[in-house]
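Both of the next two complexes hold chain A, though its partner changes from chain B to chain C.
Right after this comes the complex of A and B.
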């Protein structure tokens, strides 16, 4: 069903983040050893080769993220050293260990506005241009823009959003342009009880500022990760939240068209449509696939779980991948809090032909 | 901020997942197997896509009417053909287990086709069931060759096999086929195998009677036949069978008696069939309907099926396959598909089957059965998105996913295709062109320019300037275009291929620099052709339009300098323009003294000529 192997990264300390590029043929890792490594997939052999390795910060590097490939090979990192940085791959000799490589990565800019550890960095959807957002333990979300996409050294701080609570993660809503105003979700990781830990901000074109339009009251435990599903023309947004369990929240804008004819909702109706405790432990990360048909989550139980929603909006775990790569089993469980019909429990039953004696193996393949 | 001691990070892309491991600097890489990589699946996927496209075409051409039932059935059979081809391929390589899975899928699809697609809820379902059991349980192709081999004298074992085949045909309702086989079990006179149960002559008579009965069994064609006619002819045929039985026509021959009992639909025949262990519950059900309830409609099946299953002792532990059949008998499409997904975690079946239901529309006259089709459109959309994503995420076959998304409504179609093609890294020029074509086809203008831009940047990195320029122009990206043109102008020798030049002329200029490049290339061409007069004219045009980038001034000067000994006569105003250019735009201090001397000579001479000409003209006028 799947092939598992280990990748020796030679990082000298814990790896905090790993990110594929848009095509899945490159990946970047970042670590407490203050370095970033970029890897490329050898499609034939199926293994990853390290193409670049450099000291990126003077503290643990928490996150690494790729920009849209039309801007070139560009990544951003954020660190305990209170900075975020943007890096670009340029043609020209670099070295990785003993080897010489044809390209190397240069720092294009350092963003130094944060007063504390920068906990997340994310590029905005492409239609907004070359924009990125950072969030920090100092309670601010900062939005930067590079107005000249040919010149990545010039970034300016456009907005500083005071969240006033220690932020751990941000997510841009990758909505299709012109239907909704730009939107960001921010996760809080303070442990103050009963305070909502997810804030939703929306950009108001007229006032040219970011406003908080909602805070998710259902979520009061520290949030580790957030991700909006790609919007396929739905009227509502879906947000995956990694917290003490996995939650999927629906946000439905109440349409209030302003004079600009940009549907600018100053309100969203939110509803937790799924609450999945299968990890039985803290959920650390969430990620959606390209069309939003699958949500993946990782938890302290050492598993990555893949979830699918049916056409009624009920979510079910379809695959469990163990972190040590030893086994994948499918255990259909009823995941949705609002599920109305029980999920069929025939995952392990056999599909026998005509009374034939031979037992068939369960042919459940991933896709 | 809470310092995390470990943080289980991961990312996934298509069929790959990479995870960090707690307390380790090693990553776990999980390459999930895509079903398209299994043996023969590629062909399966491609063939299915072809049929799917066909179905969409039918839908469009018939719209707003539903696609006719015969067409839908034909399409369904095409899908089944694809499944069966797969089954055969797998059997040929000895993978019997996987073959069995797909064989079961075909079995279930076939039944669902009967219920949801081909039969009419108001008419007898029997003919379809006869066909269904024939396809799945007919052993003729196995047994008949054996029989052929042993002809003309069949051994007892062979004769037994033939009897079994005859019984099967009778159970299935294919009495004519059974009749054709009877001669094989009639041993010829003097044959050592003739059994002592009566003379072969009397057996021959019995066989004749039986053949007659078998051949007279009424058949019903739902498309052409009247069902009331069928009902009455069946009743009289049945009466004849009962008469024959009462007349003890087949007395003495247990096989023929058994068959007659079955034909009469009596309990003795049926329970003997069961005890002889000659059939599965599916065949038993069809037999029941053949000989007791031949005119029942599809909706009545479930009642009889439940009884049969219970008689067979299977009631408590139904196989998934049977559960699916029961859901189908309830017309519960949602649960049919849910169960299928539970045993074959692949949206293939759901996608293609629901699409056919959708294309066929609702039945126009539904009496007893309330078929709830309102779930069909959202189900169809859901499965197409699921399946389409699966296909498009698999790099070698992404193109096959496009027609699936294309089958959806706007704006969903556009969003899905746009999102997916963004993730495809074109490896070849052809693939890039294909992406561009698709983006253009669906009006994905920002994805189109994104793809072109990305290719342009890639080409630029490889040093393929001119190719990069073409792609940048396609992207409509003026700053990238300017950037590339600058590189061509300043770093190269500004040589542009003729074909590119043509494209430049035809393309809508997205950048002033591009217009300049085009003009500059024209100028150079004219210089090369030694058409100096026109070359100068072109140059002056460029100067007037203020397009010359500063960095290229020295090259322009160089070109001008070469003219000094060519005896070029400038036209009106050209000298002025050039003088302004040299002195004001460029600046004398930027020019080599030797060059300046020559340049100056050129300009001054031309100026002198101009003055003289003017003077002469005035003189003549006076």
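Right after this comes the complex of A and C.
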């Protein structure tokens, strides 16, 4: 049983990313209309109210991400305009349209190292400090650090990793580090099938550099999104990959046992443990729940599917969520139009009628 | 020869020509689109456009005296006379070139009327003898080519005119745009005094303007404020659309035969030429990324599918729409996020909705073209939130976190309490785990498990007796003989609650512990490993916080054996003394498995909580790495739910993540008198004042610990002293005269 709510975002173009903050009480959305909106949860009503809205870039804003709240209310954005930016909420008068708010968001820095569109930006896990990774269409992963967490205007480019292929997305391994070195997965969206589509980089403490330790060769289609599962004591990492279909890859580090040092594994054994094409279309996004047991994927069929591995390691779709049940409340005038037109497609993707997607799974309780 | 028809478009291809001599500033097509003239500071050439290449026909930059007249900012080819070309030069000259001249140098006439650089020249669309020029000197001049002189001068309201253009289908009016952001409309018949319309279009310079070739009164302007604006200009100008570009807009040009499409180049940064649909102002409809440097001029080849552009990278390109990149197709059409706390999912999906709410009439036919071209501007995102409830929060219950009791009582009691809590929340399997844990604990006390005896190697030397912390554990004793030398040192005592728990543990053990003989027996049983470890007294200090009661820290068994600690040891004595060595059912294994199962299912809550309750008495054989991950995950869950107190309990008692409580906490202090930061070394002594920072105003001694002070005068001291003082006085004890107590 689930409740679907339409939210009128007032974004004037496509929404490319949404991110919840650490506590789940705030939400940030970013859009091609070059703005970022920050939403706050009305705990009683369960509604999201827009608390701030500002023009963040001079191009489409691709991704938005929250920093850990110990660094303050900080978000990072990246854009088609070749920059990434770090924003901080400060107390002081601001305004959303005609309303006056008590806080406003200030741009703390602009990271201008990329020569092409910056396609993803992600804060590192908390234990690494205030560290930001970006990847760009020109094939670089850049890792920035704010050495002084009280001063968000100073970011130094620590590492520039040449991936040499157009990067679409990046993910940090959130695993608690003491037994794993910091790890990054990079998704590639090149259309040529020969090149690897997911690269795994690991930080080598001794050499102080990021090494590519693996590239997943059995993924041949452009990667749209990827995400590491939170690791709750597993010996392997789980990586959800959104490409033409949904894949779950397990990365098993071959550990070099060393008493007190952080082991640098230098090698991982990868295994695709699930390949799910239930969406019958391109999968665009993946996200894990906080315990790393359920994977949510969003595909071109407009549905969100929830996946869970059973004790045998088989991944099954446990639920399908669709928003169109409540579409009427979103925009009454558009309901008719969107019901007849295919959802979200540009050229190469396959069309799927909304009604057809619903018929795939019978045992879902609709609300 | 017109190649612009869509029939021949299929055979046309993208091609380029390298000018070699320098960057080009502008280009113009001949009337029949067969030739293009390219002009720049050091380049001035006519190229013929062949099937699949450009061929250089004429280099106009020849002659004895290559002065600044050859340095062109703009070039235009007469629409009516195919031999006539006009250029605007960087020295302010407007130069006419006659291609029919027999000599090599084709220069026909030079108008030296402008004081500064000429930015733009344009021929009248119907009058072959009228030429307009806009210049950096802030004027627009109208030349009559018959009399070879500037007939009219239009003084704009700014320092610099960047673009001029005649209105289509109107023989007498033209617009000029200027660096102060204004657009002016002039009537040539009324002379150069006043424009008949002036409006401010941009904040900052306007670099380009273009009238829509088909729709009357539609004007587009592009400026440094990174916007292309589309205006309906009648008696007043009203803004229709505003396109937000990545960089300052250099040149704009409407796409022929397409009502809503306009091409643009950037002045800086962005080397691509973009074609926009004005109805979707944020994403280019198409982008052409052939140039390596910013494009300086574009011109459509009278077909909507082909255009030419020049660039600072010294090339001329013919672009074909077929080869365009479609930025929108690369854009992520969906967004998805899982709210870790509330079990909520947010999703944004792309939809195509027409503003008119009319569904497309023939969705089956021409869907392909409709989806790209017609639907392009209708792209919007629908945004949903799903409350998937408990499903996503798999294994974490806030209620449990809030109500579980993990410390402060005997383990059995804790199990009872927590089991009831779980049951009341309808978590039967979790309740069962608690019950089993309790059962396990009971067996541990009465029925020791044989296998454990092998683990105990720490030397129990009951040589030191410390006072038991006043915290009775289980139902036993007050007297503790701390068997480990380790604990005889200050370490144990210095620990607070942690220490109490730990020593509580020792009590239990010591109940059953006698002295020497047991020890000897153990040695016999254990074999020769013992002596080495007998000297390993101190804990290795790990992550800043000593493990609670891991007496045995020999590196050998850091991982597993260590987890079975003193407790078992003692129980092994127990066995020796009271119990038959009947192999009892070993709960520890199954309990470990149960916890591992719960953790795997995402229920770290149960795993960590059970472990925490058990840990003072018995360490399950769980890898430290795994345990750390569990605790870390559970702490994060608690923190995300703002259950900081509960998180602190876990950090404190889990024994493996003690360092977390020592991280990220710092305080900086400075002297209250002079503001100088105090160094750690000097304590509360200020180097500058040469005094202790906090002195009591009454007793003049340094205050350590709590201090109270007056916010008015800043003097203070020991709370007790001040209380005494102010019971009899109102003024400051220091004698500053401030009436602190009013």
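To be clear about the criterion, the second predicted complex is superposed on the first by the 319 of 367 C-alpha atoms of A that agree within 3 Å, B and C clash if a C-alpha of one lies under 4 Å from a C-alpha of the other, contacts with A are read in each partner's own complex, and residues count from 1 in each chain.
Note that a contact is a pair of C-beta atoms (placed from the backbone, for glycine too) under 8 Å apart; a residue touches a chain by one contact, two chains touch by 3 or more.
No experiment lies behind these values; they were computed from the predicted model shown.
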Touched partner set for A:310, first chain B, second chain C, both or neither: first
Touching partner for A:59 - first (chain B), second (chain C), both, neither: second
Touched partner set for A:106, first chain B, second chain C, both or neither: neither
Which superposed partner A:82 touches (first chain B, second chain C, both, neither): second
Contacts of A:231 with chain B and chain C, given as first, second, both or neither: both
Which of chain B and chain C A:34 touches, first, second, both or neither: second
Partner chain in contact with A:128 - chain B first, chain C second, else both or neither: neither
Chain B versus chain C as contact partner of A:16, first or second or both or neither: both
Partner chain in contact with A:284 - chain B first, chain C second, else both or neither: both
Residues of chain A at both interfaces, chain B in one complex, chain C in the other: 1-9, 11-20, 22-25, 27, 29, 31, 46, 48, 70, 176, 189, 230-233, 284-285, 287, 289-291, 293, 296, 298-300, 302, 304, 318, 321, 323, 330, 343-344, 346-347
Contact footprint of chain C on chain A as seen in their complex: 1-9, 11-20, 22-25, 27, 29, 31-34, 41, 46, 48, 58-60, 62, 70, 80-82, 175-176, 178-179, 189, 224-225, 230-234, 259, 284-294, 296-300, 302, 304, 306, 318-319, 321, 323, 326-327, 330-331, 333-334, 336-338, 340-348
Residue numbers on chain B that touch chain A, as the complex places them: 1-2, 4, 6-35, 38, 96-98, 100-101, 103-104, 107, 136-137, 280, 319-321, 323, 338-339, 342-346, 375, 378-379, 381-383, 385-386, 388-390, 392-394, 411-412, 415-416, 419-420, 422-425, 446, 450-451, 453-454, 457, 461, 479-480, 483
Complex contacts: residues of chain C adjacent to chain A: 226, 244-247, 269, 280-283, 326-354, 357-360, 363, 371-372, 375, 379-389, 391-396, 555, 558, 596, 599-604, 625-630, 632-633, 636-637, 639-642, 664
Chain A - residues contacting chain B, complex: 1-20, 22-25, 27, 29, 31, 46, 48, 68-70, 72, 91, 116-117, 119, 126-127, 137, 148-150, 166, 168, 176-177, 189, 191, 222, 230-233, 284-285, 287, 289-291, 293, 296, 298-300, 302, 304, 308, 310-311, 318, 321, 323-325, 328, 330, 332, 343-344, 346-347, 349-356, 358, 360-367
